[in-house]
Structures are given as structure tokens and as C-alpha cells.
């Protein structure tokens, strides 16, 4: 194709090979320039002393409050947070995400990380504890609006909030939000609790899967579901829109393990952050958000 | 791998319904906009094209606000019919329809604008009513352009993720489309499932493109 | 008793600015020719007689039937007027064969006449205009003269009360023009069909017109009634 083009430009004293060479050279230079620009742009966002922390979604508010305290104590470092469901965060780590500290909402996810050799086991500690609760939409949602008398509602509205897991099996609770057990620890805790009570088979078909615990909370707050499994700390955030119905008994206490990543770019600095989490100042902030001691 | 087939069947069902709805809505709107002049036509055209440029999550949020249980339409549906749209495959269809609508609308409008009005005038002088003219003259002469738009719309509906996630959630067999299934498999670290789903999705997209090539050949009918 | 009775006013906005159409004439002749240079407003006038465009005011009466009356608020749709119309580029439906084009108006439903369905009315016209050889062909496959005849047959198949023709011979060569002109004349005489024809060709005026209206700049220039040729039966 190239050669045909040059033949059409007959009369010009140009050898096809030289024309091809100059075109490829130009293309090569252009590519290098684009790649260099791209890398340069990437570097703009990341300072050399940034510490990257991947943490469970339920910790987002607390950690954001702790960040200025840490940065005041360690002026050379800035914190960058990456929040999500623990399972999703692990998937990122498995694929080589450049993270320094990982805080998971359950032991199982951290165990998987350890099994893959991603975390330094010696650094692993439990940072906080939490409680699993069932929440319902607060009063003032559609359930309290007077129903149209000429058209009875197809779905009976719950008359009172559930008091135990058994209550959730009632038909009045047609939709129950739960984190997807495959990737969300809160969902796993909920499933475990329901299985222990022999209710999983009855309730599983009614569950609406959420991709992280905050999404489950949002579903309840909007009144799209009749109940949801979230952490006590999450429920406190939307006190106006959700009501805690009861605390879910879990076989094991809910403990959040924290560890530094073996391959983290700022692993040494990450240790400083982990240590900071156990200072009185940080623990006070966590307690203020409803987290318990580890 | 059963979930993959369920997700595939659901994805095709949602995309199929969305495209069928857009066939009626998009062609109707395209014809109206191509033939009639009315005040505010340009503004309305821009509004109807908006879903094409808006980020799907923004669209999903608007939808959630409107058809959610506390939204204007959603509350009305809940009060009077006991219908909750969120987390149903119908909500997924609504999301897919809206994001793909501009593709059919724009294509139909352009196709109808390319149909010489003189043919429609000729049909009028021959005694045909407006519906007859639309079905026997305008549509047959515009169908190629419309079909191209429909295929694009189908492909768009197949891949719809952001808006669907917000209003339909992810319920296996109900609203978990292929795109959402891939997302969740990756989140859960289930690489095998993810790979399989991605392969299935890619094959479906390829099939759509190939049939597009068959159905809309490059031939142009010369004007008589 | 006039066959053609028109008074049309229309303000048109085109590329060159505003164009005011103010046309009024009355004629008892069956064959009336609208003559004038291009841009005179002839096609616009014809479209208003056909009902495709609506005048701003005035009236249109053809062969004793009122089509439009601005004062009385009457405006018949083109479908209601039952007037045959042969367009300048013939406007044959490109996706239908010659036969389907001619049979088009015979089918009132939502489906076009099929390619193989018998249509005796259409066949009659195909025979009359010698279109048998091309009856199954598409418009882009046939010659200019054949297209003109197809357009004419299509307009006539509905047995209209009048016939409007917009420069029907303009795209044809001289010999063909002559032949088709004579055919049209014979046809009109045998059908006794009121005919309004637009042309900028003086020969058309000489051969076809029983009455002429000169149009220029959107206005009637002068009326001129021609002497009738001896061969013509009135």
C-alpha cells in the first residue's frame, strides 16, 4: 500500500524505502511523546511520600477524620484512601494495586490476602470492632403514608420493626438488603448469622445484593427495601433515615484486621500509619464513630 | 457457569425489550421531529439526546429519584398499584431504553429527513391517509437508516451498566445482566467466572456486529 | 361557467428573501397553461391548487368544486380534492415497480400492492401507455419518457376530476416531447379532463393551451386567450 502511493507520486526522486523509514520514525517519536506525557500526568497526582490505604467502606468517615490528625503528626506524609468492599479491595491488591496499608472488615479477607503472600503477617493486628445490626427505613417513608383505599397494596407493609431474625422471615419483609456475601464481609456475617438460625434458605430469595455495605444502607434509607444488614457504625450515619431494629448476634465478634502490604511502595511509612491507628487520638475518633475497641 | 447462561438470557431479554420500545418511541419521535416544526423543537431535541452524553450514573441517579419508592412516579405506582419498580427487570429495561433512545431517535430523524417530502406529497395527492403514507412511503424509504440506529441501540442496551446498577440492583436471574455479573465476579475474585462471562459477552457483541453487516448492506437505491 | 377560478395570496420565505405570491385568474377553458420563467411562482401556485400548500387567503374552485375558501375557513386536504398531480421530477416511488406505482392509489390499506398481485385497472393504463415491457422494473431502471408515462398513469388511475402537470416534458428530448405532447392532447380530449399545465416552453403553449395565464414575479402578467386550432374538438 505504501509503495503504491509512492508510485502515484511518480517523478519525485524519492526512494520508497526512505519515505517509509521517515514515516515510521515520525510515528515512533509521536508514540514516545504521548507515552511520556501520559506518565508525566500520572506523576502529577502522586507525591513521593504519599501513603495509600485501602480500607473497608464502613471506615470511610472515621478514617477521613483521622487523616488530618496523622498528617499533622507526620507533616512529610499525605494519606490517600481507597474505600470499598473488602473483597473488591482484595481483588485490586491481587492484581498489583500499589497500596501500602489494607484494612479489611473481616478476618477471612485478610486470611486470603495472607495466603496470597500480599501482606506482612507479622504486621497484622486487629484495629477495631463493630456490630452487625438490622435497620429499617425510618418513620415517614411510604409505609406510613395512607394507602389508597380503592387499591389495596399488593405488598403488605410491615406494621412494626422486626425484633429478631425470625421476624424477617415474615412476608411483610419482602426485600432485605444484604452485602453480596462473595465480596462483602457484612454480607458474610449476615449470611452466617442467618444460617446459624436456620433461616438462610427462607430469607435468601428475598435478599437484594449490594456491592458494599454503604449501598445496602442507601437502599434502606431510600425505602427501596424493607430491612437491611449493616454495621452499627453505618446506621449511626443516617440516623434520620434509618432506624436500628436490633443487633444481630454473630458467632465471632466482628474485628477489623489491619496490615501493611509486603510490596507496598511506601511500606515503611505505612507502618507509621498503622501504629498511629492505635494511638489514643485515633482510637477516640473511631469510638466517636461507633467503633469498639479491638 | 449456569449463572452465566442466566445472565445472558436476562441481558438479551432486557436489551430486546429496550430496543422494541425504542423502535416505537424513537421512530415516532424521529418522524415527528423531521416533519413538523414547532416552537422549542431544538431544545426538545437536545433534551431527548441528553441520555447519550450524560454519564450513566448521573442518569441512573435521576431515574432512582423519579421511579424510586419515594420518587414522584415511584410513590404513585406504589400507592395505587403496589408496584415497586426498583430491583425489577422492568427497571433494567427502563434504564436501557433511556440510554439507547437517542441512538434510534437521531438515526430515525436523519433517515426521515433524507426522504424527499415530494414522495409524501405525491402519496397525498393519490388519496392516501397520513398513516398509510408513513407505513407505505416514509418508513420503507427510511428503514435502512433506522435499522442501523436500532442495532447500535441494541448493542448499547446489551452493555448498559451504570444506570442499570442504580435502579435494578443485581439479583441473579432478575436483574443481573452480563456486565454486572462480570463486575461482581471480578470483585469477588472469581476469575474463572469472570473470564467465561467476558468471553460470552464478546461473542454476543460480535454476533450483533456481524448481523448488522448482513442486514444493512452498503447498497444504495438510486433515485428514480 | 368557469372551470378554473383562483385567487391566491401567499407570503413565502426563501433563500433570496421574501417572495409574495398574488395570483388570480378565471378561465372556462379545459386546458389551461400556466406560462412563465423559472422562479415566477408557477409551481407554488400548482401546489396550492393541489392542496399541498395552503394559501394565506383567497379561494380555489375547480370544475364547480370548492377546494379552498379562506373567508369561509374551508380547506380540503389533497386526499379530499381528488386531483391528479404529475410532479416535476415525476416523484415515482423508488422502492416500487412501475406496476406498483401505478396501482398505488388503488390500495387504500396500509400495505403496498404486491409485485405479483393482479391489478386490472393498472394493467389497462400500462397497456394504453405501452409500458408492458418495463412494468416490473424500478423507476431508476427505465427511461425518462417511460417515467413520465408512469407518473401520468399513476395520477389517472384514480379517475381524478382534474389533472395538474408541473413541466411534464422538461426533462425529455425534443422528439419525445413532441410525441408525448400529442398523446397528452389526445388523452385529454378523450377523457374531457380539466388540465392545468405548467411550462416555460412556448411549444407547449402553442399545441396544448386553450387558455394561457402568464406568471412572473408571483403575479399574473396578462391574460391571453389563443385562437383554438381547427383540429380540436371542444
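Things worth noting here:
When the chains are written out, they are named A, B and C in that same order, and each has its own residue count from 1.
Convention: a residue touches a chain if its C-beta (ideal position, glycine included) is under 8 Å from a C-beta of that chain, and two chains touch if they have at least 3 such contacts.
Given the structure is predicted, the values throughout are model-derived calculations rather than measurements.
Chain B has its Cα centroid nearest to the centroid of all protein Cα atoms in the structure. Chain centres computed from CA atoms place C at the largest separation from chain B.
Averaged C-alpha coordinates give centres for chain B and chain C that are 44 Å from one another. Chain A and chain B have Cα centroids separated by 32 Å.
Chain A and chain C have CA centres that are 74 Å apart. Multi-chain contact residues of chain A (touching two or more other chains): none found. If you check the complex, the residues on chain B that touch chain A are 64, 68-70, 75, 78-84, 86-87, 165, 169-171, 183-184, 186-190. Put simply, chain A touches chain B in their complex at residues 85, 87-88, 90-91, 94, 112, 141-142, 145, 147-148, 151-155, 175, 180, 182-183, 208-211, 219, 222-224.
Only residues 47, 50-52, 77-79, 81-85, 87, 89-95, 104-105, 108-112, 138-140, 147, 154-155, 158 of chain C touch chain B when the two sit together in their complex. On the chain B side of its complex with chain C, the touching residues are 116, 118-119, 121-129, 131-132, 135-137, 140-141, 221-224.
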